[in-house]
Amino acid sequence: MRWSGSFVRDLLNCAIMAIRIFITGGTFDKEYNELNGELYFKDTHLPEMLKLGRCKVDVDVRTLMMIDSLDMTDDDRAIILENCEKCSEEKIIITHGTDTMEQTARVLGKIMKDKTVVLTGAMIPYKFGSSDGLFNLGSALAFAETLPHGVYIAMNGRYFNWDNVRKNKKTGEFEEIG
Amino acid sequence: MRWSGSFVRDLLNCAIMAIRIFITGGTFDKEYNELNGELYFKDTHLPEMLKLGRCKVDVDVRTLMMIDSLDMTDDDRAIILENCEKCSEEKIIITHGTDTMEQTARVLGKIMKDKTVVLTGAMIPYKFGSSDGLFNLGSALAFAETLPHGVYIAMNGRYFNWDNVRKNKKTGEFEEIG
Amino acid sequence: MRWSGSFVRDLLNCAIMAIRIFITGGTFDKEYNELNGELYFKDTHLPEMLKLGRCKVDVDVRTLMMIDSLDMTDDDRAIILENCEKCSEEKIIITHGTDTMEQTARVLGKIMKDKTVVLTGAMIPYKFGSSDGLFNLGSALAFAETLPHGVYIAMNGRYFNWDNVRKNKKTGEFEEIG
Amino acid sequence: MRWSGSFVRDLLNCAIMAIRIFITGGTFDKEYNELNGELYFKDTHLPEMLKLGRCKVDVDVRTLMMIDSLDMTDDDRAIILENCEKCSEEKIIITHGTDTMEQTARVLGKIMKDKTVVLTGAMIPYKFGSSDGLFNLGSALAFAETLPHGVYIAMNGRYFNWDNVRKNKKTGEFEEIG
């Protein structure tokens, strides 16, 4: 029945409106230190990016760490997992460096079965003119709203399941393993 | 069974890789004419935006028209509908001015039942520094890949069903009608 | 004598550090109204631009009007002239729409003989990605610091004397009349 | 006499139209390597920046080297000096890393007495959203067109004589020594 479908859809629309966003650093949030010419982390640009996208999804942004994903340890991944488990939202986005994103996805994927977790990142820092960050954030939010429970990576306009994804180091693109 | 789920998901990943993008104009593609100070349409920026997003989804971009959506006629909407019906892809994105996006969605929504059609646009032209266009394109692609058959509007990081959406003229945001 | 030259140069460096900037509007400061799709004036972007340029010149920015130069009247030009005459600084920059910049330059040039006045503007609004505004502002400041008393237009990386300049309506570039 | 002044000015306008630009690298031209996350040099952005500024000055851009100025040797500076001496233009702009710009200025300043040489650079790479590069280029061109023979640094909207300038390492700004 038509009204019934609408009703279900409205409920659905309502339910998807609460998304937790965990910040872990990565290229996404790197800035240029004009005094020493090095890249570094200051604050996350996520709130600014959500505003630019005129995002009206009910999100709660929390910074867990601000590190290069090449420096991410098992302990760091345990912190991310713990936060995913204990947060009240059923939908979670994690911003993450692309170099070890697949490793964190595997740690989460083996445990997180009753929430939708989407890892995303950027190849170019948001503060640089030609970043893919805003595009990736838009797709990550949409994937978090629509995909069934599970752990995914959202990059290159696509989503990948946690147990079938790797970053191609030569092209910088994500792809299925098998 | 685990492998079975993977198998289905892989098939799904494969199937979603072909998306048709129809360009109709709208704020998305407006440019500034520096000789007379007016906004106008030249070419679409979609290919450039997809490249910036490092999009690896298999898309086919076609320009149907380049108009302000306030100037869109019933004939124009008939052209859009016809193209949606006859294209081979099952997933379609339409870039569209926001002012009458809901009207075109209704024309398509009453007829298009066996494809996933996502209309999207921008509040600020892509060529201007602070556009929401790249964010919206990222979310529209993700929604086209994941939502069931039907006609939707993707704006503000959310999706709306064709029969329950309107643009709030005061805030510039999209919202459910009821 | 060497020290004498240094001394004179230091005095000069000191003297050039006070520049008055008068804002009159023009393409420079146009913004995009996302609710109605029209270009309009809100506040000037000059302070933001000076900060971006890490400008350490001692400037005092005053907004005289915020109008399209096609709408500028004789009364408006009288206001600009009066402000140029009565301000204490010997060096003045005026941001101005390019369409009638040459007319204002002539009004000022006939009277202002004991100050250096540089009019500048932009072909593309500063808020749009590809503006020439920052480049023009940098050159206008340098011309104001170095040119002898007189009234000039600074556009296209060049300066023009008030009595020998026009905007080529076809190319959008400034050129000598004769 | 009025016509006489015009005549001289026209000659002057004509003479300033040939400027040689030497590229040596520096922050100006650094890019972000998205495969390894490091900053590197590819090609100079000067032609693109001149186009953005709608620059109509007759410039000739030559790349001498593409290095970080911290890596610049005495031999490199000898190459820069030699090129300044032998080029036919009387007005020269050198893009240069800011860290050792004052050293190169001193090497040139002791020898170059019959040309106007302006060194400039940027605190933030041009390809990053918030660069001061376009502003500095605009001012460097204007200073090259108007300053008497000598060697100068153009930064922060100001010019400095080669024998009285240093970069303040704490603030990143250029200042007089004494």
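Each chain carries a letter (A, B, C and D) given by its place in the written order, and its residues are counted from 1.
As a convention for this text, a residue touches a chain if its C-beta (ideal position, glycine included) is under 8 Å from a C-beta of that chain, and two chains touch if they have at least 3 such contacts.
Just so it is clear, the model here is predicted, and its values are computed rather than measured.
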Third chains touching both chain D and chain A: none
Chain whose mean Cα position lies farthest from chain B: D
Mean-CA-position distance for chain D and chain C (Å): 23
Centroid distance [mean C-alpha coordinates] between chain C and chain B, Å: 42
Chain D residues counted as touching two or more neighbouring chains: 123, 130, 172
Chains grouped in pairs wherever the two touch, ordered by label: A-B, A-D, B-C, C-D
Parts of chain C lying in touch with chain B, wherever the complex brings them together: 27, 30, 32, 34-35, 37, 39, 68, 99, 123-125, 127-130, 169-170, 172
Complex contact set, residues of chain B against chain A: 6, 9-10, 13, 16-17, 49-50, 52-57, 123, 130-132, 134-143, 145-147, 154-161, 163-164, 172-174, 176
